[in-house]
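Below you'll find the structures, each written out as structure tokens.
Both of the next two complexes hold chain A, though its partner changes from chain B to chain C.
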Partner chain A sequence: MNAIILTAVFGVILMFIGVFAKSKTLPRWVAIGGLSLTLLTAVQEMVAGNSFFRFNHHEMLRFENFNLLFIVIALAVTLIFFLLSGSEIEKAGPHVGEYFALIFFVLCGVSLVATFNTLLMLFIGVEIMSIPLYILTGSDKRNLKSNEAALKYFLMGAFSTGIMLMGITFLYGGNSNASFFIDKINIGVGTMPVLMAFGVLFIMVSLSFKVSAAPFHFWTPDVYDGAPTVFTSFMSTVVKAAGFFAFIRLFEHSFGSVQDQWQRLVLFITIATLLVGNITAVFQQSVKRMLAYSSIAQAGFMMLAVFALNNKAKEGILLYAAAYSLATIGIFGVLTKMNDFTIDGFNGLARKQPLMAFCATVFLLSLTGVPLTAGFQSKFFMLMAAVENGHHIWLVIVAVLFAAVSAYYYFRVIQAMYFKAPHQEEETNELSSSFKLMLGIIAGLVILIGIYPELILGWLYH
Partner chain B sequence: MDIKAYIILSMVLFTIGVVGVLVRRNAIIIFMCVELMLNAVNLLLVAFSKMHALEAAAQASPNLASDAQIFVFFIMVVAAAEVSVGLAIIVMMYRNVHTVDVNFLNRLKN
Partner chain C sequence: MNITTLLFILLSVMAVGSAVMMITSKSPVHSVLWLIVVFFAISGHYILLNAQFLAIVNIIVYAGAIMVLFLFVVMLMNLNAETEPVKNYRLQLVGVLSGGALLLIIITALNKMDVEMPIELKTGDTGLIKVLGLNLFKNYVLPFEISSVLFLSAMIGAVVIGKKD
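Let's look at the complex of A and B:
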């Protein structure tokens, strides 16, 4: 509850600072301070179990360790994102305060999506999360690519919202309890009523849109490529993880009893996502576009949690959210400092910026899933969840094979950085020492979580 | 009236919306089709709400089943917020390219 209230409050404060304060750096420091405070209160709520704010929300929200831990992860990752890329957000355009305010509103939506207990809250959370993102995507107003990305994102987002609402309506119509509460959706055992089956199908399609799972992924590369790079790194991490969190919670609570009926559809979506993401990423020349496709590929791995839907999957999605977000924010942070987004632009980076190249290598290794990095642990949990689930074990083999494919395109960047000669004529951007420090800290965190995943998962059972 | 009639009417409206989004090329018309989808949902929610309320009354249960009607208000509010953002994006695009045709948007495909 703390996170929901405070993110909204700080969002409004930052909007006013954006209007009245003349200083260009003030919004960043208010945002960092506000987010630190929110994070502290969220941790306090998770540890002590009571919130500063007490409202009668009629059980429409649910605050358990699992939900609160996800909020803490989302807030912590965003704080790291502010510390690393705050100066890039300031360069994104003239309305600095508003960008930070919109990110806070997205976080409010993420907190709602993490704690929803009724379909109404799910809908509102998803919308609060998406609408500010449409604006952030189009924040580079003079750039046609940014315009195009914003329009595409908006139309696809609104379309998938319509589909989700139709799914919710069907679930309500077929539900003999006449309730939107996710635990009271009477889906039946054995065969589903027709209305329910359509409801599950529609919601599955719309959530696949939101998390960019194939075959509903086609908007992703264009939007991620067109949006300003700082905002791409935010929306491909925290927001996507929140989408998966909602996916898993809804399917566990509402549709868990008829898992064998929809599991084959999820199986199809998982394999299609892994296939499309990995194979298309191989052919990309631009690193930014390659990362967009790789985020589809990573979504395929996260779909394994929806497929398995057991305790390991729930632990795994938390770990995956942290590991994937840290590594992606790190590599996008590196990308914002490059003049040239093609793979050739990374040539010889190790000689010019040894620390940055090393950190980028750690992030890429983590995204590949090499042992000793957080990416390995999270992929391991996902595969383990799929094995424990017991159905369609061959899916594990398919996923591992695609992880091997992903090594090809991630390692191409590493190879360019270390084994190719730099272009002499280009001058690299000067890096501030705080940026280097943050990169080092993120790389350290990635390795630390890779060795001690209990650092995160321990909080689930404290 | 039979609930089936409402389901069929809403599905027809919804399908018109979906087909419009997929077929039409004008951003404003695509947008109107999305609104049509949302209104189909609104209609069906109210119909289902009434259906559940009648069922509850037949069993003499105190459940008013008014949740769905409240839900409709939320959909209207969110749709309004979405319209304000969406139209702003369309206006921004129109200022740059002087058209609202989505076929014009192919700069990202390379």
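Let's look at the complex of A and C:
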């Protein structure tokens, strides 16, 4: 509850700062301060188990350790994102305060999506999460690609919202309790009523769209490529992880008992996502676009959690959210400092910026899933969850094969940085020492979680 | 056949018929007008379901405000049938096939369904504004308040996108 209310309040405060304050750097510091405060109260709520704000919400939200831990992860990752790339947000356009306000509103939506107990709150949460993103995508108004991305994202997002609403309607009409509460929708073991099957299908489609799982991924490359790079790094991490979190919670509580009836569909989506993401990423020349496809590929791995839907999967998605978000925010932070987004633009970076190249290597290794990095642990948890689930074990082999494919395109960047000479002596962007420090801290966190995942998972059972 | 069933059938035919007309009309202005007819038919359905307030709001907000806005946009952009881009024939075919498949499955599934009426809608004061207001500010106060964040972000979006730099 703390996170939901404080993010909304700080969003409003930042909105007014954007209107009245002339300073360009003030919004960033207010945002960092506000987010730190929100994070502290969220941790307090998780540890102590009670919120500062109490009122009767009629069981529409549910605060368990699992949900609260996800909120803490999302807030912490966003704080790191602010500290690393806050100055880039200031360069994105003239409305700095508003950008920060919109990010806070997204966080409010993320907190709702993490704690919803009824389909109504799920819907509102998903909408609060998406609408600010459409705006952030189009914030670079002079850039045609940004405009195109925003329009595409908005139209397709609105369409998928419509599908989700239709699914919710079917579920409401299909369950004999006529209820929006996710536990009451659960019909227990048996064959799903026809209307409910439609509801499950439609909600699956719209949530797959939100997390950019194939075959509903077509918007992803254009939107991630067209949006300003800072905002891409935010929406491909925290928001995507929140989408998966909603996916898992809804399907566990409402449709967990009839898993055998929809598992095949998830199996198909998982394999399609892994296939499309990994194979297309191989052919990309622009690193930004490659990262967009790689985020589809990572979504394929996260789909394994929806497929398995057991305790390991729930631990895994928390770990994956942290590991994938940290590494992606780091690599996008590096990308914002590059003049040239093509892979050739990274040539010889290790000679010009040894620290940045090293950190980028750590992030890319983590995304690949090399041992001793957080990416390895999270992928390991996902695969273990799929094995424990027991159905369709061959999916694990497919996933491992595609992880090997992903090594090809991630290592191409590493190879360019370390083994290729820079073609000409061009001016490199001067890096501030705080940026270098943050980059080092993120790389350290990635390795720390990789060695000691209990750092995150320990909170689940304290 | 009592009057409710008759009304239901009439309104349904009206809604579906004008929805089809809306899609097939060449001129965008006609499409918008047909859509208004759809909204009126749906409002009729709301009244049949004993949701009077919803019916009125549906007419005021959708048929009134939003569709007038639509009309303005259509007229400002000066869209007409000649400037409409030629659509890919193959794409249309795929669309018809997939949409038709979905329709077929829904129809077959609906045939198998046993109809039951979980909530009594025809009597009582469920749809009255007093009941609605009490519900909204008692049981549903959290979603009601939280949706203000949604509208606020939409407003900020309008400013960020629409304002001249």
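Here is the rule we go by: the second predicted complex is superposed on the first by the 458 of 462 C-alpha atoms of A that agree within 3 Å, B and C clash if a C-alpha of one lies under 4 Å from a C-alpha of the other, contacts with A are read in each partner's own complex, and residues count from 1 in each chain.
FYI, a contact is a pair of C-beta atoms (placed from the backbone, for glycine too) under 8 Å apart; a residue touches a chain by one contact, two chains touch by 3 or more.
What you see is a predicted model; the values in this text were computed from it and never measured.
Engineer: State whether A:Y134 touches chain B only (first), chain C only (second), both chains, or neither.
Structural biologist: In the superposition, A:Y134 contacts both chain B and chain C.
Engineer: Have a look at where A:L120 lands relative to chain B and chain C in the superposition and call it first, second, both or neither.
Structural biologist: A:L120 sits against chain B and chain C alike.
Engineer: Please indicate which partner A:E90 is in contact with in the superposed arrangement: first for chain B, second for chain C, both, or neither.
Structural biologist: After superposition on chain A, A:E90 lies in contact with neither partner.
Engineer: Of the two partner chains, chain B (first) and chain C (second), which one does A:E252 touch, if any: first, second, both, or neither?
Structural biologist: neither
Engineer: Looking at the overlay, what does A:P193 touch: chain B (first), chain C (second), both, or neither?
Structural biologist: It touches chain C, and chain B stays clear.
Engineer: Could you say whether A:A149 touches chain B, chain C, both of them, or neither, answering first, second, both or neither?
Structural biologist: A:A149 contacts chain B only, not chain C.
Engineer: After lining up the shared chain so the two structures overlap, which partner does A:A178 touch, if you call chain B first and chain C second: first, second, both or neither?
Structural biologist: Both partners, chain B and chain C.
Engineer: According to the stated criteria, A:E98 is in contact with first (chain B), second (chain C), both, or neither; which is it?
Structural biologist: Touch status of A:E98: second partner only.
Engineer: Overlap of the chain B and chain C footprints on chain A, residue-wise?
Structural biologist: In the superposed arrangement, which is not itself an observed complex, chain A uses residues 120, 124, 127, 131, 134-135, 138, 141, 178 for both chain B and chain C.
Engineer: In the complex of these two chains, what residues of chain A are touching chain B?
Structural biologist: 120, 123-124, 127, 131, 134-135, 138, 141-142, 144-145, 147-152, 154-155, 158-159, 161-163, 165-166, 168-169, 172-173, 178-180, 221-222, 225-226
Engineer: Where on chain B is chain A touching in the complex?
Structural biologist: Against chain A, chain B makes touches at 3, 7, 14, 17-18, 21, 27, 30-31, 34, 37-38, 40-41, 44-45, 48, 51-52, 55-56, 63, 65, 67-68, 70-71, 74-75, 78, 81-82, 85-86, 88-90, 92-93, 96-97, 102, 105, 107-109.
Engineer: Under the touch definition given earlier, write down the residues of chain C that touch chain A in their complex.
Structural biologist: The touching residues are 106, 109-110, 112-113, 116, 118-119, 139-143, 146-147, 149-150, 152-154, 156-157, 159-161, 163, 165.
Engineer: Across the complex, what residues on chain A touch chain C?
Structural biologist: 4, 8, 11-12, 15, 57-58, 60-61, 93-95, 98-99, 101-102, 105, 108-109, 112, 120-121, 124, 127-128, 131-132, 134-135, 138-139, 141, 176-178, 193-195, 197-198
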